[in-house]
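Below: a set of structures, written as structure tokens.
Next come two complexes built around subunit A: one with subunit B, the other with subunit C.
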Partner chain A sequence: MTLFLQFVLTGLVTGCFLILATIGFSFTRRVEGFLNIAHAELLGVSAFATWGCNKLLGWHILPSAAVGIVVTAFAGLAIGRIVYDPIRRLGPSVMLITSVGVAYAIGGTIDALIGTGIRTLDIPLATSIRFWGLRITDYQLIVVVLAILCSASLALFLNRTKTGLAIRAMSANPELAASRGIDVKKTSRATWLISSGLAGVAGVMLGVIATLSTDIAFHQILQILAVAILAGLGSLYAVIVSGLIVGVAMDVSVFWIPAGYRPLVAFAVVILVLLFRPQGIAGSASGK
Partner chain B sequence: MIQSLILSTLMFGAMFSVLTVSLNLQYARGGMINFGTVAYFAAGAYAYAIFTQEPPSGLDQYAFGFDLPWWVGFLAAGLAAMLFALVTGWPTLRLRGEYLALTTFAFAEVFHSILLNERRIGNGSVGMANVERPDPASIGLDDTLGYTLAACALMLLTAWLFHRLLASPYGRLVDATRDDEIAAESVGKDTARVRLQIFVISAIPIGFAGALYAMITTLVAPALFTAEVTFFVWIALALGGERTIPGAILGTLALVFFQELVRAIPFETVRGAQIAASAEEVITGILFILVLRWQPWDRLSRKAGS
Partner chain C sequence: MTFARSGAALAALTTALTAVQPAFAQADGVTLGVLVPLTGELGEFGKIVADAVQLGVDEVNAAGGTKCGPLRTVVADTGGSAEQAIREANKMIDSEGAVAILGPASGEMVALVDLAKRKKTVMMSPYAGTITLNEIGGDYVYRTVSSDLGDGAASGMWLSEKGYKSVAFLIQNEESTISPAQVAREAVTAAGIELTDMIIYNPGQPSYQAELISVLSHNPDAIYLAGGQESGVTVLKEAAAGGYEGEWLLTADLAVPEIFDAVDPRILNGRAYVELAEADSSLPEFKAFAELAQEKTGAAPGPFAANSYDMAMLSAISLEAAEACTGEAINAVLRDVTEGGEKVTTFAGAKAALAEGKDIDYEGASGPLTLDESGTPAGAYMIKKAEDGAWADEKFLPASAFE
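Entry: the complex of A and B
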């Protein structure tokens, strides 16, 4: 029983990481209206920027992480302005397919710069905290805290600040928002900065809790997609629930079936959800 | 050197063209975004290997090997892809646009994961090596040349059949379904059925191409059938202008030629080769973005038309 609970706990941590990774993706989907396959590559950009500062330049992890997040946020902004803005009129399908090209370009650049092999950050070893026979490491706790902080501050930002309200207005009805005097360009810039910054946070945590290799980003997109679909594309609050569901389902499944099937469980959930409830668990008809 | 470059471009180019042409039918004519192309390709390759492989012995972990002649395996490959398209298409085709793209993508990932983990299908991650294949020498042809011709034949046959199909009244029904489903429904057409038919029909040649791929590489392993194949075919389709059959074929040939060219460069160090491979990826991605951004082929054809 303790072992089972341990799997559930690890699953919750995985879920929190997935929330961090997916929330920016869902945010882009909601405001910009397309699925950004390249979002996962931004996690890679952040993780390797952090690694570069931390390991190659010998900086402490905190300034390295800050640099990683900022670099990623501006890289995402630049890509949004240069690549996606001019093709918005061509519709979400073309933007979706274009983002595959972007993912290739980013992935290839990281490959060329970093090379193959496994990398780790220069940080103290994790210490585990025990309670009721369960274990959780301090880094895992940081993931949980960051997931809560990021989703809470995003919710506050969208509901309380002027820019946040502008973003919501734009995602609901771009033409109406523009005609009511909202600066569409500025709002779009803020969106790219925020969603890429969130990818940056997730990327840093990826470097902290896992070992880094250059193909790591690609594996994340599968799970990000799973969580995003389950949440109902574009819904932000449901991401929290569905991230936890996918995380727990993946880790608890190891209790019964071989660990190799972990990614399969995520997609089995997705297929079931899409077949019976195509609009996702959030239940809004945002599927158009 | 140049000859082998041209031959391998033609061989792989023609084989992947079969995928691109089928995808063209699904996307440009049927309006369906299939992001799981590789699954049908893998289904064909595995079906071929299972039907022609000898029964398992020694360290083999696969459960079935029927040891049948190659043409049975080839037919089985088409059939397997068709069945897989039926199974995956029937529940998913009522989804639209990006939802369809994501479900097909998910199906492909699940299929890949099963191939990787279920050793009884094809030895798990090791895959099945030494896949049986017909020997072109029996009709007096060189190995590479023989398979190049076979790939070209399959490509031309697929292109011709699809061309005939779409030039027929049925092709107009397909276009009507894509352009305005409600209008097509209102004149008594069963659009759901048309979509499923197109989905299944276009999967069959993909299965055949899978069998051919298994013959050429004589190996089937999960690592050969990743989502990268799907993305590759999509990029080729976009390069070629995504509307016409010759465009799809030219796009694929150009992309394969580019890749083979990079591979043909001799490298002194492993690092050098690796950088070249990464650069190839970056250039492919950027080309893709540029083509989608400016759509030069559409413009050219419009100019030629006016």
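Entry: the complex of A and C
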């Protein structure tokens, strides 16, 4: 039983990482109206920016992580303004295909700048905390805490601030929002900064937990898509539930079936849920 | 009438071009394509291969070049992608006139088999151990390293001899890691060692905690980890964080010095071993190569450097023995120059023996290179141990150990 609970606990941590990686993606989908496939590569931008400050410049991990998040936020903003803004009128399909190109451009740039091999941050080895026969590492705990903080902060921002309310208005009906005096460009800029900043947070944790190679960030896109689709494209709150469902399902499945099927389990869960709720977990609230 | 005349002109032009080809090759030399992963996870290996091939080419040219002229190389990056490898190989053959392409890794080699036969161009790898080549290699497709099954046998032998009571297997979900692991598993179970877990995992994950839960709960004496660098390093760190204090047997991808930068050496020192195909360092051919590498590069040869050097040598000697300066001609003699004749260990020696009309048997820096019907040599293996933040030779397993 303890072994099974350990799988559940590990699954919850995996789910929290998926929430971090997906929440910015879903936010972009909700406000900008398209699936930004390049979002996963922004995790790589953050992870390698953090690595550069931490390993090459010898900085402590905290300022390095801060730089990683800020660099990623502004990289996302720049990409949004330079690439996506001029083609917004062409519709979400064109923007989606363009985002695949952007993903390749970011990946290629990282390849060229970083080079071959693997990279790791200069941080201490994780320490295990044990309780009731279970164990969780300090870095896993940070992932859980950050997932809670980011989700709560985003919810508060969207519900309590003027810019947050403007973003919600624009995501519901851009034309009406503009006609009511909302600055669409400013709102869009805020959206890109926030969604890319969230990718930055996920990227830092990717660097902390994983071993970095230049293609590891893009490997996360399928699971990000699984979580976002399960949540109901556009819904933010459902991303939390969806991330936990996918994370726990993937990791607990290892208790019964070979680990090689973990990605299959993620999509099996998505298909199963969508059979009964085609609109995703968020249901009719999706996109509102 | 016009069509017939054009056809005749085309035929004449083709004949003329074919006729001048050897003269062209003689004047400008012969091109060898070096197609290696210079970016991505295996980038470190790709550079070692490219450098060692160049070392061999320089030696051949210093000895007066082949009868087809001096060798030159064109280098391209596969990026670890089969599609990119095919694209670059086509370019090398069609635009650069490469007669042989050296250096692709397992996945790319398998993808290039059809192209090699269609374009009559030799493909050779210093590290493609994939068992798929056991079936489809041998005609235009060769390697200077043994099959992955040999790695599995070497790993199994080591795990069995080490006296472990229990072992867990963690294997990256790839054909090149699963096949040898299955061979190693047979040896382990035959030796009566308890196999606590055999887990096949997908690479590219941020964490492998879920895969490690069962393994760590059984606390085996050793973990056989057949993984890439990205997944392997994460697994090593997460197992250590989870309290694992047993030993490790790692596979060749982790046999690079960079592992000690990525993983705290305290996790590895004294209790991690790595198995890899390696030349017998006691052989005079290897010693001569190691000295040459040290002199030219200022460093000891890296993993698969001797096998890579031998690719250049085999290409050059085959050109010397062949009746024409083409891939087809190289393919016709390549296996012949590795068996059944006067033993030669250098290009200059082979050139002299061939000039005297002798049959030759090239024995290279990586060891005897007698190629079987699948174009594969028998392998020798080294077990290295992590000591003071570096890999140190622990036990050499010669090819004869597996007979």
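Please note the rule applied: the second predicted complex is superposed on the first by the 281 of 288 C-alpha atoms of A that agree within 3 Å, B and C clash if a C-alpha of one lies under 4 Å from a C-alpha of the other, contacts with A are read in each partner's own complex, and residues count from 1 in each chain.
Note that a residue touches a chain if its C-beta (ideal position, glycine included) is under 8 Å from a C-beta of that chain, and two chains touch if they have at least 3 such contacts.
Computed from a prediction, not measured in an experiment: that's the story for all the values here.
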item: Overlay on subunit A: subunit C relative to subunit B, clash or fit; value: clash
item: Touching partner for A:Val94 - first (subunit B), second (subunit C), both, neither; value: first
item: Partner chain in contact with A:Pro263 - subunit B first, subunit C second, else both or neither; value: both
item: Touched partner set for A:Thr137, first subunit B, second subunit C, both or neither; value: second
item: Touching partner for A:Gly58 - first (subunit B), second (subunit C), both, neither; value: neither
item: Touched partner set for A:Gly181, first subunit B, second subunit C, both or neither; value: neither
item: Partner chain in contact with A:Gly117 - subunit B first, subunit C second, else both or neither; value: second
item: On subunit A, positions contacted by subunit B and by subunit C; value: 111, 115-116, 258, 260, 263
item: Of subunit C, residues touching subunit A in the complex; value: 37-44, 46-47, 79, 173, 199-202, 204-207, 209-211, 213-214, 217, 229-234, 237-238, 240-243, 258, 261-264, 267
item: For the subunit A and subunit B complex, residues of the former touching the latter; value: 34-35, 83, 86-87, 90, 92-94, 96-98, 100-109, 111-112, 115-116, 222, 225-226, 229, 233, 258, 260-261, 263-264, 267-268, 270-271, 274-275, 278, 287
item: Interfacial residue positions of subunit A with respect to subunit C in the complex; value: 3, 6-7, 10-11, 13-14, 17, 111, 115-120, 125-128, 135, 137, 140, 205-206, 209-216, 219-220, 250-251, 254, 258-260, 262-263
item: Touch list for subunit B against partner subunit A, complex; value: 33, 91-92, 95-99, 101-103, 105-107, 109-110, 113-114, 116-117, 231, 234-235, 238, 271, 274-275, 277-289, 292-293
